[in-house]
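Once you've had a glance at the structure underneath, I'll fire off some questions.
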């Protein structure tokens, strides 16, 4: 630690504030996770107690793993999430670059057009989407979900990325132009690497609603072989009786992969990625 | 591009950059959405779809049964948004500012921990908070009791006066990670040398934040505000998961999203009415569009971006 | 060539029963037809089903909500007319009323199950506190008072957070005793009675007294909370319906009993809500109509009724054929059919077709009354005003 | 043949006119240096030539072809940016190799050219570092290397040596001169350094406020400046300007004498006292205040022992003095 | 009193040792210039002094107090960064005023100090522009202004003039010298410019590879370099080094003669031919290849007409030549 620059008191205060907020953030999650290891009675008798020899139970996890092909669901969720993110980031960044970099007629209008999508919940377009998927035979395929999520994620991605792309030094892009890089290569080789933090941010934002979405899997891909994890866990929420052990276990399990994805993306949040580029 | 002909050369790369996004987005998002919004000009009479012009809007705003719900939802939505703006975004910015301190340790741990709520599904968030706030299971009362504040406890989610605020705060809890991430990314892109120059001038800590960092991340704060606005006026899931489609108690947590959803897709014995549902959706769309345009043309165009 | 029938349902709860009992039984008897039971979460079912039907991707067999929800599907051409199905003869007109057109001319779903409302109680708690099963309203409140005084048990487990319990387990549970079951319900439908009439306001009056017997913070208590409170033995009485039985059997480690809604005065006729709840129909657009009909016929058969009723105690078959139940609590509930007059929930047929929606309003009003935020009279007046605004017979 | 022709170039940023009616020809293989005060538009002009900025009006032709609509990469140029503009995410090697890879040069060629540049610029030890781990001077060398390896027809250098130390600067300067000779490429070079300008240039272009003040060979400009601005701008220390001169001048005219042309004499036409002495080792500058309270610089070869405060007398050869009229234009003898 | 004392300063980035056992004293009011090849650690040393970088070991004391644990702002310093580091969102005026506002100086003081700096740096026309609308040189002046207005006890300048044009550089250099005199502040100044180093410095510190090679007044270093590195680093053009010398040298020793000390003579000890002529106006450099194929530079005062290819003979004054042993250390006579 840098002694001259770091005020000990300040750093205590900073850690204090962060620890406090971390506790607030994690407490409910903690409640969920510890309770997923308890019997149903213990969950509701003493929701705050850690599992002990009496209350410890893996019944929830057993139910989850027994019911349906949990690993297949998991794989489907992964494919859909990663696939959608790939297209969102690729297409979104391309469009954002066009909007941020070039002055052309209709630039602002195009920006607005691409932003329209964040203003209406896509759910109300469900029937039309479903009809389209039925017509193209994409119903009950993972592609249908990927397409929908890609479309759904694009507006936000374009919006955020174009903002960040405007911060990339013009001289740098110009150096690339003089080096003979085509506009495409300038985009892929120079701009994309430099907006990695923003890409990571967009990826994280989009990953969550995609991973957690229940609606579209339920409607356009409910078949067993393309079920997603969230849809799979939904089985435990009944009309009148909810298998809380199973729900808690399924949800606890479902946190892990998103957490892993998050960690992957948040590695891209690198300090000073552009430093040294320009004087 | 429409201007292609007037230019000496078509800049094909612009087309190529825009095409995939525009195509997918138009086909899978805009077309279905507008196909649905179109329904707001129709109604169903004896299984037939008939064009009724602005009749539905007239119903929505003219008939008390509808308009009262609409204004109630809009008002609640405003409050929902206010709380996010006043609580979520400042906290997010503050956390990002602390985290972006160059020499602070364990930042990635904190960052991940604080972000965890954001990656949880609404089902789990709804469940966890209902359990915590529940008068029955006693977590919140017990914890308040531990610091001698038990008298402050009330079954918040069940009281008209508190339910919306309580849920807004839960939503804040869940989504604080988003402004935090965005601001954090923005803070990272400020060159170290500028901060060092400030440091030499004695501008450190909070004054570095207010005088240097904040102005430099204003564009990002602008984005966050508009994203919060859009997200809040589209919000639906949390309230639905916690309070059900009737957004109780007594519609005190009803926001435009739940109102629209209930109307569009129906609920329990209430049949779905795509026409009135689309009408509400169009109303929401108009509100959001106005907000976004105000931002784009009123604020963003005046904001300067800095190249680093 | 095997045909596979896909069944749309909101009954996640029944997944295991279908997979382990019903499907094997059917497939054994009908080689060549396979069943695929694909339930979705109840909260989303209506929306999901409607979307799928509109887009043409729905399954062959549709589980039907009672009354208007299914009627609308039929009118939109999504549910097939199955009036002529042989199995339909096994059902009484009341049983069929949930899934026929208003004039009862066309039948579009096979009735599958009904649920009976009442109160489940904790026998151990009653013994401990020393109260007997109440027969009249006075005894009912006396019992509640005594339990409350005793202090070991929450007198009654119910919350208002989810709203529907107040209406379904409250108003529609105790109401038929006041409006005399079908008599009052049909009079209301015809416009001969109004929601401001004593018969319709009185249940609210009783509800208004419930508030003080509910647990602390009942305003924020959810339905699962109530279930848990009761099954964990913390509450004495649980206003409910027979649908809880199968779930509770595995959860409660005390003995449970049940009583029907106490009457006003000793010797009055008792009325119970015996509500047609689940039906099953055929997607009009199915390509496997023949197989679907075979299946629906089987659902109408006594064989199905027996399997279903015993697999899911608390969901009572609507078939006229007698069914014997192994579960004592379920047997208790179904025995009331002989003791009392049956009726269905007052708001379900026709009355919830307009805006404002009477069912939703009833939820809201029941909650408000329990919480003491609205007087019973005001609640009645509000509901009546709403109804008058769109329902011709009341104008 | 002409390597570059600029015809009536104008450039405005909004309402600010930055370049005003620039006309210029650069011959094949010529080394042209742009000098001028900070903010006069040198970088902007380079950027217009490179195609990074569109001229508001006027034409740019390179190798005889009008290139106004040709993208930078197709203009056959290489540019060293004043701000370096290194690719921050690439190593030194990749920074240099990127353009060549883009041209699909075979690996052997890339390695060879990069190797040569690295050698020349003394970057061997840093070849795998990223720009953020380099010192200012190292970054600048990478930027130069990136241009060199492309072996273009026309080089554009925007103050390429300003962060290098004297030794390296001299080496690189000589390398650039050699590069110029061996590649026979045309070069346009912006600098603030007198030595660079004088030694490298075939032709110096003096800019001022977006206008060309004078164009010519270094010695031409040094010996025959068209006006007071050019006279004062070239030469270090700068030319002395005297209002109250010991020779005939038009009204409000000025006399210009270069510091090295002032001689310390027993009896001279100019009298004054020494206010400051700058000892540079190889030569010594005396700062003098004349009797008329005008400031003068005198440059003496070698180390001189004149002390501050000393009263001195100075004289100069009239043939080597310049006269300027009231408008600051040179009056030729 | 000493303004700054560095004791045994070491600094590593990871495994790279950038500063090695630096010891240095700066007296009150002294002007110290750091010179050294690019990448030798000058900026890093400044940053250690400023407190922006922690020394791996060693102590920094300013004004007698050990400041290893004192934050930069409390060290009473101002720094001009090599990369300018201007606040992009503030106007020129606010860039300068921010630090003062932070110190809660009254508005009148702020206005006055900023006004003076603006005047001195010729920034009047740009006072309300943002950095992004300024040219490179203009930005650099703003950065200098920002340091000046703080009136600190110790100034740290990292190549502050490298982007200025000759005239402005000279002016600013003189202003800095004057600033130094009037403020009686100590200054540490990194530069690559010989003239700046020689004219400004009270003391020059020559760094090489993170080590101090020699410390002394400009003339001391110029006339008495401790080793070949220092001898070669100071002086422009650089000193000539000859292996095959016409005087007695130890085995593997080197003879050093400054270009200005070589004289063109009829008959001299060194013979060669001219390979290149650099005409700087005020003086002329001849690049010569000797009979022994060694390269030499000869600096002649004024304009000389010697042509490329001419055969010439050279001689020098033995008193002014330097001899270095095999280890490149100076052999004193």
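Going by the order they are written in, the chains are A, B, C, D and E; count residues from 1 in each one.
As a convention for this text, contacts are C-beta pairs under 8 Å (C-beta built on N, C-alpha and C of every residue); 3 or more make two chains touch, one makes a residue touch a chain.
Chain by chain, the UniProt names read as follows: A = Carbohydrate ABC transporter permease; B = Sugar ABC transporter permease; D, E = ABC transporter ATP-binding protein.
Since the structure is predicted, the reported quantities are computational estimates derived from the model, not experimental observations.
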Between chain B and chain D, the fewest steps along chains that touch one another: 2
Dominant interface by contact count, named by its two chains: A-B
Reference chain D; chain at largest CA-centroid distance: C
Most widely separated chain from chain E, with each centre as the mean of CA atoms: C
Inter-centroid spacing, chain E versus chain C (mean Cα positions, whole Å): 91
Euclidean distance of C-alpha centroids - chain A vs chain D, Å: 54
Rounded Å distance between chain D and chain E, as computed from the means of their C-alpha atoms: 20
Multi-chain contact sites of chain D, meaning residues that touch two or more partners: 82-83, 133-134, 136
Overlap residues in chain B, where contacts from two or more other chains coincide: 137, 191, 193, 199, 204, 306-308
Per-residue overlap in chain A, given as positions that touch at least 2 other chains: 2, 5, 7, 44, 126-127, 169, 182, 214, 237, 272-275, 278-279
Parts of chain C lying in touch with chain A, wherever the complex brings them together: 10-13, 15, 38-42, 44, 48, 51-52, 54-57, 224, 227-228, 232, 243-244, 246-247, 251
Complex interface listing, chain A residues touching chain D: 169, 171-172, 174-182, 185, 189-190, 193-194, 272-279
Chain E contact footprint on chain B (complex, rising order): 191, 193-194, 196-204, 207, 211-212, 215-216, 304, 306-308
Contact set on chain D toward chain A in their complex: 47, 50-52, 71-73, 77-79, 81-89, 98-99, 102-103, 130-134, 136, 139, 146, 150
Interfacial residue positions of chain E with respect to chain D in the complex: 13, 35-39, 43, 82-83, 133-138, 141, 159, 162-170, 192-195, 198-199, 218-219, 222-223, 232-238, 258-260, 278-283, 285, 299, 301-303
